[in-house]
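What follows is a pair of complexes built around chain A, which joins chain B in one and chain C in the other.
Now for the complex of A and B:
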């Protein structure tokens, strides 16, 4: 990267401003994305050679994961405890909880397994809010059009239509569960505007909407008859003779043993891949976001889509180093904060869709107009003092979490701007599903970030919180009915032998194992020799 | 590896229910030639060719035919083409029925000429939907074909061709159970004697042949005895469809010369073991038979040679298991299969299979004792032959064979472990 302006020099030249016109963009969004978006870095992609998506290209690290060998074989399961349930939900985030609650309401026996603890997820990281067309001047149609346009028209239209129509119902359901939202003095929901949208539509609670959502969902799960297995990552799914999904193999980190869970329907809600740090980017994601669901579903024959498309959130913290990648809500920009380069210029309209803004930030830094702290840390200013100047008191009332982050970084955000740089934020693509959340494998449902199609190739702010509840509830309902009409079938990991056959015949290496379960830099204090804990026994 | 000398699975035969394509590939020639021969000549050819029952028994086919042909005192005779195939690890008949239906029908038609048959029943497992659909389409084409007209003219009476879904029970594949099914009853096996050739469907002489056996017939008639004998390796004749499954790289159905060494099937055709796995044992003929171990890899896969190794070729299913697979666990699964599929007619079988399965589960889960193992061993001596059919014998055989080859694993499983 060319030399950017040093931090001290840029800070000396900085002054909070009343109003500044954004620079007119000389290039189109398409050109900007092609030249500067990380999805388009030359040489970072490879083709998939096996599985239902053979021939598609995606990020080389993801190819390695999807073509990895299984962590277990038949011998590992000798003597494993076997549990039975109607619906097994894998993932303890917002989508998993919503699905589990709905399935349980429908009379199914539900078991929820999560890699760490219930609520350890990206849902709690969601700050900005949740989109739903609840305002008078707004309609689901407009929401749909914003979503498809934001997704560069690669959206699965029936899925997106379903989601936007569910919007107001989702908000009502969440309020019924006890979730709080910011309201005006009459008790009406307050909304703000997300980047790339045509109306203010994001309902929110301060700047920790996801945390509040998870709080009520977690309590609801605790007060239900859902059986929760925590510290239990899933290492493999079970298939039956007809290649349907028939349960999962769980690694119990507490007991250091494998468990078989036989289920009539399985709902995968395992989230995204941020912790794979594609292209070396920092991530805003939770520790467990290692793409486990993608590889589990792919091995069972589920079709995936848009695997080459990821969202880099424009405003990840760039400095200090140990907080790099931490998310700063888009809400700050939608409330009117500017992005400024080292020369104090507003180089982009901050309310463009996320991929556009992220690419613009990368352009500034690559072309030498960014601010440099060290060789690893460059970024642009997020002009919080300017926002405070124009709307006094807004940071205190609406962005307490951001101010707290500023204190951690030893910056008073009311006086000093903070450095931001795009951070790996969201997996746009994923498992192909239908309007009930069914994947192409019977008995396997997928919801949340692990799926693809709803957001096309770029997601709008606030649509993910909407999606997880909308599709979580749909999948929960459908899975409960599906399970009701069926008996348990004999599940095995026979598909793992098929995978090994395919890998050998394709001449592919079996040196890597998936799912990853934990990021490569994870360290374990336990000195147990239990395979299910270690990231990979072959490394 | 491309298989040479493919007969039944030759691409010319694998045309599905396309009658015209099958005729273009030489189909129907065998029947034409059979119509110009006497029944005695036909049966002599089958005898000299050394064709044997390929459904698992290995019984010489001509002897069944001869017996049936000799019955001239009856008004009608039945032929049941047995396609009930339901044993884990066996998947050859469904391929023949689905992909080469005309070849099977032609074989059955030649048999009708040789044995003076009136009714041919294609008895097919209803779970194999493709086989059923393909046979139905093929039989419809036959009924309006010149071959059928010539056949009926030769027999000088109508010949019934009927496709019948079996009940789908495993036991329905036993020959007397199949007869019960054809009579419209539950497939309970009958006492033998009387054998089906004496008194079968509705008391009439009945021939029950496996699908693969009949598929061979037209080729023997068309190409001659010497050709068929030349196909086999060593003393064996003809080809065999081996069903290879388990921990090998390329599982599948392989038509190879009868008598192909096991080694060649597993390592050349099957591509060898899956990466990192070591061969531990091979369950031959599906679970109702016995176990071969790595030292038997040189055995030629024909009926006599395999029998010399305390095992049996059976249906030709070869289930390969690798080190790391618990033999006791695997045998338990197979015995459970028999316990689930016992028709419950004969008390020794009904309670015996269940009891063996319980004993095995106890031993496998580490809860077994010395006396459990002793009971198991003595049951293996007591039970065989106590049922009307061979279901019970099959269940015992696999246990007995595993005790012989892997007795050590049973011993280990009943040893007290730490903390108990």
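Now for the complex of A and C:
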């Protein structure tokens, strides 16, 4: 990377001003992505050699995860406690809670297991809002067109259509759970635009939409008859002799033991993979986002899609170091904040979809027009003082969380701009599902970020909070009915023996175990507190 | 000075002596020193409430509470992670409250301790978000749920106020109850209702 302009020099040259020339951005999105988007870094991809997606290419670290050895053997299950439920939900974020609440409401016995605590998820961090076409000048059709266009026309169209049609009902359901939204003086929902939307459509609660959603859903689950197992990462799914999913093997971080949960239907809602730090990028993701669901579903034979496509959010905080990767809501760009390079020039239409804006930021930095703090920290300005100048008071009223972040970074965002750089944010692809959230494996439902298809190869702001509730409720409803008509079957980890045979035949290493459960720097594998859960320590 | 010219400080986390650059948070300092830690880490952005800690700064005898992902390391600092308390014993289902006229009566059935506040200020001191917790409880007990709920906008449900309260009031759950009933009974946006009607009548479809 060529030398960018030093921070102090760039800051001295900066002055807030009301008008700045829009970017003369002539380059096509395709060209920009090919040359600068991290998905296209040369040499970062390899082909999958086993499983339903053999032959597809994706990031080498993801290939290693999907072709990893299991964490357990048959021997680990001898004497393990066995529990039973109708519907087992794996994951305690927004999608998992919505699914669990809906299935329980339909009369199913529901168990929800989560790696950490209930609500520890990416949902809680979502700031921008949730898309639903509620304004007069907007329609579900426009929402659909925006979603498919944003996803580069690579979306599963029936899924996207279902999601946009669910939008208004999702908002009503959330209000019925006790979630608040920002309203005007007549009580109408306030809406705002997002990158790639053709109408104001993002409803929100300040810049705390995800926090408000998660604390309400967590409270609703805690006050229901859903049995919650926390600190209980899932290490394997169970399959029966018809190759249907029949439950899961759960490990407990509390007593270092394994449990078998027999279930008539399993709903996987484990989220994304930001904490794998693909291509060495910082991430905006939660500590537990290690792609566990992908490998669990893949081993059982579930088909995946678009695994080579990730979203790098344009505005991750680049500096100071203790906050690097922290997300700055896209809402501030939709409200009219500009992005500026070291010369104070706008270099991209700030409301282009996220992949386009992220690639443009990387271009500015690679070509020496970025701002440099150290070898680890380069970025471009997010011009909050300019926004404040054009709309006095907007930061205080609409973006309190952002101002607080500024205070932590010791920057008064009303006076000084802040340095941003793209951060690994979202897994666009994932498990292939239908409109009920069913994967290609009978009995296995998948919802939320672990799935693929709805957002194609690029997700719009506000569509993930919509997706998790829309499909969470769909899967919860369907799974409850599916479970109602069935008896428990004998589940085993027979598929793990098949996996090991396949790995050996393909000449693949068994040195890596999956799911990862935690980022490498948490040092789970060497933490003596959890010796009982480490294969190397048991043998 | 560290490798990159940063100032290094010595501190103690859960009984372990650690040396780390001043630019790091307590959790980053743990990782930096290579100590394993799996529990009590969450969003790393101060909104999930997982990383509750007690902290004593070098120049003070006072023990404070905070969130480890938001706390920058300092020379001589002593930090201790707090486990989560048991879930609150207050249980309710919004659909059991038949009308907004009943909310106040039901509140006192669900949270009978809310009237017993001793005004010790423990909740206010423990809150890492600077919320006026005690005042929120007082407002809720008076039936002013909308006002009470507004005070808890930034609440991350870290349960520190619950841990601090000698009367087992569970102030954060009082705050959340106040917010939830306000939405459940009073948010009725006409633009949303209008759109739902159009959808119900089948007037809006998506052409795939």
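The working rule: the second predicted complex is superposed on the first by the 522 of 539 C-alpha atoms of A that agree within 3 Å, B and C clash if a C-alpha of one lies under 4 Å from a C-alpha of the other, contacts with A are read in each partner's own complex, and residues count from 1 in each chain.
The rule is simple: a contact is a pair of C-beta atoms (placed from the backbone, for glycine too) under 8 Å apart; a residue touches a chain by one contact, two chains touch by 3 or more.
These figures come from a predicted structure and were not determined experimentally.
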Partner chain in contact with A:206 - chain B first, chain C second, else both or neither: second
First, second, both or neither for A:41, with chain B first and chain C second: neither
Which of chain B and chain C A:415 touches, first, second, both or neither: neither
Touched partner set for A:78, first chain B, second chain C, both or neither: first
Partner chain(s) touched by A:54 [first = chain B, second = chain C, both, neither]: neither
Comparing the two partners chain B and chain C, which touches a greater set of residues in chain A: C
Which superposed partner A:23 touches (first chain B, second chain C, both, neither): neither
Which superposed partner A:506 touches (first chain B, second chain C, both, neither): neither
Touched partner set for A:497, first chain B, second chain C, both or neither: first
Footprint overlap on chain A, comparing chain B with chain C: none
Chain B residues within the chain A interface of the complex: 247, 249-251, 271, 274-276, 324-326, 329, 365-366
Touch list for chain A against partner chain C, complex: 116-117, 119-121, 124-125, 132-136, 139-141, 144, 157-158, 161, 164-165, 168-169, 171-172, 175-181, 183, 186-189, 206, 208, 210-212, 215-216, 218-219, 222-224, 231, 253, 286-288, 320-322, 326-327, 374, 400, 408, 518, 521-524, 526-527, 529-530
Interface residues, chain A side, partner chain B - complex: 73-75, 78-79, 497, 500-501, 503-505, 510
Chain C - residues contacting chain A, complex: 4, 23-25, 28, 31, 34-39, 41-45, 47-48, 50, 70, 72, 84, 87-88, 91-94, 149, 153-157, 173, 176, 179-184, 187-192, 194-196, 199, 204-208
